[in-house]
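Two complexes follow with subunit A in common, the first pairing it with subunit B and the second with subunit C.
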Partner chain A sequence: MKPRFNIISLTSCTGCISTLISLDIFPQFLERIKINYFLFILDSDDIEECEIALVEGCISEETQINLIRKIRKRAKRVFALGTCACFGGILSLSNSKKAEPLSNHIEIDGMIPGCPPPSKFFGNCLINLVGNKDIILSEKNMCANCPLRGSIEINSHIKITKINPNPEEIRLGEENSECFLNNGILCLGPITRDGCEHKCIKMGLPCEGCMGPVSKDFTSNVVNFLSLIELSQELQKYTGIYNRFSKPKINR
Partner chain B sequence: MQKIVNVCTRVEGHGEVKIMLQNDEVSLANFEFNVYRGFEKFLIGKRLLDIPKFVSRICGLCYASQAIASCKTLEDIYNIEISEQSIYLRRLLMTAELIKSHSMNFFFQTLPDLLKIFNISKNTLSPYELIKFNPQLTSNLYDLIKFGNEINEIFGGRSVHLISIVPGGVIYSPSGKLILLSQKYLQKALTIVEWIIEDFIKLFGNQIPPEDFNLPNTICLAKNNHGIYDRYSGSLSLKEDKNLIEFEAQNYTRYFNKEINLRGIDFFFENKKNVIVGPFSRYKIIEKYDFDKINTYLEYFNKSWTNNLLFINFLRLLEIYIESYKCIQILGEPSLNVRKYLPSFKSIKKNEGIGVIEAPRGTLIHNYHINKNNIIDEIKLFIATEFNIPLLNQMITKYAQELFDKTGDIKLVEKEVQMIIRAFDPCISCATH
Partner chain C sequence: MDIYSILSHPFRRKILFLLEKEGYIPYTELMEKLNLDTTGQLNFHLKKIGSLIGKDNKAYFLTEDGKRVLKIINLNKRILAGEFIDEYFDSKRSEISRVGVIICNCNTEISNVINIKALENYVNKLKKVVSVKVFENLCQQKNFEKIRNWVKDNFINKIVIAACSPKTHQNLFERIFEDIIDHTNIEIANIREQCCWVHQPNDEQNNLSLPLEKGKLLIEAAVERVSFQKKIKVKRVEIEKSCAVLGGGIAGITLSLNLARAGIKVYLIEKSPTLGGKVARWHRIHNMGDCSICFISELIAELVNEKNIKIFTNTEIENVTGEVGNFTINMIKKPRYVDVKKCTGCKQCISVCSIEKPNQYEFGLSNRKLIYIPFIHSYPYAPLIDEEDLKNCLNCRICERACINKAIDLDQKEERIEIKVGTKVIAIGSDFYKDLEEYNYNPKKNIITSPEFERLLSSDGLTDGKLVKISDKKPIISISIIQEVGPSKYLSDFSEILAEKYIEDVKIRNPHCEVNVFYDLSRLKDKDEILLRSTNPKFIYANKISIKSSKDINYVIADNIEFQSDLIVLNIKYIPNEDLKNLRQYMDFTLDNNGFMSVDTLASGIYGVGTIFGPLNYNSTISTANNVALKVISLLSKDYLIAEFTGIEIDENKCGLCGLCLKICPYNAITIERDKISIDKFKCKGGGTCASICPTNAIDLNIDTSKKILRTIKIFSKFRSNPKIIAFCCASCGYAAADNAGLKKISYTPNVFIVRVPCTGRIDTNFIIKSFELGFDGVMIVGCRQDACRYIDGVKKIENKIRLLKNVIDPKYKDRIILKHLNAVEGNKFADTANKLYNNLLEEIKYEA
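Let's turn to the complex of A and B:
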């Protein structure tokens, strides 16, 4: 029997869903499964029982808490799809709204991180899910396979003055072989999980951490990392760094 | 008074139709959303050059449009001209986004309605039935989505929330080989969309669309670059019947505005007519596409179509054709294939900036204000779907009233009004920014 899927969006930009539909394996994926619930493409009435629920978006409203519990109850396995569902995502920048990851309210069986999840990685995750296997995430950080090969020691000699190169300073491929941290630019590679094929770094921009931390909580990892290096006065207060993709656990 | 709420299906995002019943009559039907995220609020105080990548996350379908409108706004504040190469690349990324967005909407969301409306299928086809309905059409539409996606990946670095779009232009990285591949994709897209257009004509060309879907008298709003189809450059235009007004974006408050922290756009037209944006307005404002072939295709549709909401489905296909064609030319431009550095953002020249483009669903305006310390203190985003909502509600109310009068079947009304909503192709993610 084909595995039944519920594909659901909470508070999101729908980018993970649109990435899913654009994957070159999406037609085969549709054939190998049975869609029970997927409002984007199907007239569905209620969330029925299924083998796998893929949930995009964070929890920002009280009403979504009951919804996510129902999703959990009716699914054998639940997976958080995208950085919003895994860690809270972009809405973490808001002071007035909650941006909770699914795991604040239910147990999840795995996650597909990324904003959006990188296509190749996403495709492999789907193949695993259809085959009733788990999703395997890399245990390495971004630096491990970084094309800039930064065998850099993380200490207070690293002085960060920028979170991005200025537009005119952006350098690509052969033009740049220096780790961003050595140039005073904040790269979250050391605490971020490998798996995106260094997409930003290859475009001359530092890692922003969208794949999430290699271990444990997002924000505490960022804070720990920043406490080891020297951050300019101006940047120390900038919430755009700390709350880029997640909030500290206490005020999610 | 009785209130009936129904969740919309086959739309992008979470929206509901609310129908009010009073004395056994429909008094109002409204398309509504419950969740607002508050981007206009939480972006205040953020670093100016960070805004584009944040606003990209407003929408996973209009990501390039959002980011580019934002970059244009910053370039206005810093008075920066971007290179010809960057303009080409922005157009290319916008086209790839449009191909994806229009194709997804056509296949998964509106095609099942069209087939049912014209009695080609008895009931609304599920995705599985749809795939089997015409396998060649299916694989052609999948291919279009794939081509759009691949071009975004090649030139943008990702399928959505493109990395290469930054203030000052587009980071250019693809190899010659990938450019050739993109050219091939677009050439194939052109052949495919031609086939789909002809199929559309075969299926629907000699039918008469239902009058319930006729657009009432409206005011069209779109960008206008000397009457040429262009979603990136130009001023803005309003058009009602034959009367056309052209104006520069910075004067928009003469015609419409919005209150900070309040939902919706206020229009200042004396005749209180509603506004429409998107492919329909783009077409009405330019009157003629600059392609003979396209104009021949248009001749298949008589007056009963050209003022009908369902006609927009056809216009979306034409836009895919026109833009694929133009982008093949862009990819052959010699000035595209050189590594260029981006301009520097040294000093702020104005305390306010405006950036306008045509997103796939219509006019998108970003307007930022900065204070004395050069910190952003006010953000206004005018989103295509927000422009269309009053008209959409006007149409679904009328439709619901008449259908309920005729049938007395509220369940039917709940389902059928959604066809109008889908024909508008609302972007709920954008509208709930």
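Let's turn to the complex of A and C:
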């Protein structure tokens, strides 16, 4: 029997769903599964029982809590799809809106992080899901396979002055050869999970951390990381770094 | 029934194998594992193998006989398989946790506050606990045998002792269980200092159920922690039977002599070109007839004759690595430019040298040549040129020609020396207070310091021991001595006897000379103390002392009364040695409030002696030197130590080689070379700052693991009463301060839970966030004072984290994270902080509700 899938969007940009639809293997994926609920391609009245639920987007309204509880009840396994569902996502930058990851309210069986998830990784995840296997996430951080990683010196001092390189200074691929941190540009690679194939870095932009933390939570990793480096005056006031993809769980 | 018939049935063998694999299996689980539906069959077989298995109230396990039988079966199997058997299974190396809990009543100190019976029942119900035992007084010798038997009978391999602070009896407990339980598997739940002594019942408010509940949670957390402890590799360290003594002053010399006579090889390392230290330049020691230099010379003579002592002068420490029993010290012997072996001490070279500079050994009162002998009783007695003076040297090389023995070698280079020692003693002494501007200090105008006065009195000094003015060499008829010149935070131990000695010395030289001794009370912090201590009618206690000079005459003005003085002596205090800060990079110790070395925090294998701990008089210095000598001898009398590495472990499967740990480690113990991370176990001190920032959790401490700490927080969060406060305390200062509050029985709210971390730098931001998430309302972080951190700058690191964290969190939480710097005796401040935070939170919670 084909595994039944429920694919649901909460508060999100639907970027993850778009990525899903545009995956090379999407047609084959559709052949091997049975879609129960996927409003983008199919009209459905209610969320029915299924083997696997993929949930995209964060929880920003009370009603959504009941919704995901219902999803959890009717699915054998629930997976968070995309950074919003895994950690809270970009909406965390908002002052007024709530942006909670699924795991705050229900138990999840795994996650597919990324904003949106990189296609190769996403594809592998889907293959695993169809085969009733777990999703394998790297346990290392981005530096492990970073094309810019050079030798590391003891006592090297990092001073950060910029969040992004100036547009005219962006170097692509081969031209770019030095670690962003050494050039005073904040790169969250050290605290971000490996697995995205370093797309941003290859395009001359520092890592923003969308793959989420490997261990602990996003906020404490950022605080730990920044406590080691010197920030320029203006950046010290910029709190967006801490909330980029996740709000601190400190508020009860 | 013989053993072969018992084992003939495959079912019984299966039971035995299962028990061997799992250790302890409850009846129902056994049934499940064997796929049985009825109890009859299992009961039958269990009965048959009755002699090989035992049963306690919860599970089945193998008896000693059973283990032996299984060993034979397994060995047979391996031999049949053609394997070469070279090692045997060690039954002590069990991976299963069998946690036992001992509750010590501490002679009713515990039961006065909490109901021990209730505590025992609660602990007994904990899933991980095998057995609980209550003792009236655990530390009594008569109980030791009982405990050991209890441990053996219950197959306990991990133990929680709910009693006093680990600072009190941890060593004792480790010794009791030395050969049956690894000491990392001994966890102490501090229910005395952290619970009973600080939550004493009083009439007004205290709810007695809270201390009981706190006690329960303290024990439960300790049980959890110890059950997470993994095996730590131990190693045998052969003890190098030698000792390095840093500093060749009176303390270093006495100690070296003591050690050498006990047959220990001693390396005496002195930074300056001569032995003798400060005392060598004193005129005379109080209550001793002999002049101090004669005394020192005698000691040096003995020292030089001692075969076991090797003396390095003009030598500085470059680096120290290793651990107790086996340190490696790298030193640099600075060039002396004179070959001591060839030199006869004829001083020809000195007489021909044409450049003069102030002599630092006479405190700049007189001049010396560029090539010089520090003082006449120097050892080694040979001239030298200071390395930094070489640039002022005219390079005329006349001295070279003047030396008939060709002892002078201006091209001498510094020499690197490496020694191996078992232990080391720091005896570098302290410095003199220098900031004397407000006293109009000027030796040329007869306002001098006490060391300079010593040189004046000394027969080999500036005035050949005559009492004359420095300015015009006229006799002195009035002297004023101003006491306690220096930082007002502490008192000099010996300023009074020094003043008395000066009076004596002056009266010998000139009976008519007037000597006044002044105390400036406005500069003394503990006025009462000095007034109580001192009953000396010869001294003048004034509220304000100032010095005025007009027309070459100096006056001391004490509360508006003028005292004309030919000579004013500033009796200066000792201040911490500047080299202490450098030494901290390679030796573990912290500084106390006044900047001296803190005696409690010295790591094992390192000792200190003399005035590095603060002002100390001559007699006390000698007696501490003797004391330390005994400690060193007893340590070095063993042939080996069993040492275990307590520090970090790196999981290479998780490490992304980002190098953040390299940036935070104060000892540079971690290196990444060719995509491989490695740790220098000799350099790692186990502070855990690297573990706190590792983004992938690849680094963790092997004892204070993150898992243990997070679990402890989780268990403490079960406490019912609100608001709850969690206090992360560093092991050397914060935890000791909390203990101190207990010792002083300063009551504070039971809603504070103390988590011990090796250093505040170990605290991960995640711990703080997690605490709030789990329902704590306040977080207290108690660390050492600035500059006093045992791990050099751990307090700085947590400060950075907290500053950044406060950027992120809701403003109302900003006041709920408190960072406090305390030292080990400030228990009252600990209690104050806890109570204040508690009361604030109480208000806020009321307001919110």
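In this section, the second predicted complex is superposed on the first by the 243 of 252 C-alpha atoms of A that agree within 3 Å, B and C clash if a C-alpha of one lies under 4 Å from a C-alpha of the other, contacts with A are read in each partner's own complex, and residues count from 1 in each chain.
We adopt the following convention: a contact is a pair of C-beta atoms (placed from the backbone, for glycine too) under 8 Å apart; a residue touches a chain by one contact, two chains touch by 3 or more.
Since the model is a prediction, treat every value here as computed from it, not as a measurement.
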Clash or fit (per the criteria above) of subunit B with subunit C on subunit A: fit
Which superposed partner A:249 touches (first subunit B, second subunit C, both, neither): second
Which of subunit B and subunit C A:18 touches, first, second, both or neither: first
Which of subunit B and subunit C A:214 touches, first, second, both or neither: second
Of subunit B and subunit C, the chain that contacts the larger number of subunit A residues: B
Subunit B versus subunit C as contact partner of A:191, first or second or both or neither: second
Contacts of A:226 with subunit B and subunit C, given as first, second, both or neither: second
First, second, both or neither for A:69, with subunit B first and subunit C second: neither
Angle, in degrees and to the nearest 10, that opens at subunit A between the C-alpha centres of subunit B and subunit C: 150
Contacts of A:133 with subunit B and subunit C, given as first, second, both or neither: neither
Subunit B versus subunit C as contact partner of A:142, first or second or both or neither: second
After fitting on chain A: smallest Cα gap, subunit B-subunit C, Å: 16
Subunit B and subunit C footprints on subunit A, overlapping residues: 239
Parts of subunit B lying in touch with subunit A, wherever the complex brings them together: 7-14, 34-35, 37-38, 41-43, 46-47, 49-50, 54, 57-61, 63, 100, 104, 108-109, 124, 126-128, 131, 138-139, 142, 145-146, 148-149, 153, 157-161, 163-164, 166-169, 171, 173, 339, 341-345, 428-429
Subunit B-facing residues of subunit A, complex: 9, 11-19, 21-22, 24, 26-27, 30, 35, 39-44, 60-61, 63, 89-91, 93-97, 115-116, 118-119, 163-164, 166-168, 170, 172-173, 199-200, 202-205, 238-240
Partner subunit C, residues of subunit A touching it in the complex: 139-144, 149, 151-156, 158, 189-191, 194, 213-217, 219-221, 223-228, 236, 239, 242-243, 248-252
Residues of subunit C defined as touching subunit A within the complex: 653-660, 662-664, 668, 671-672, 692-693, 695-697, 764-766, 768-769, 772-773, 775, 797, 800-801, 804-805, 807-810, 813
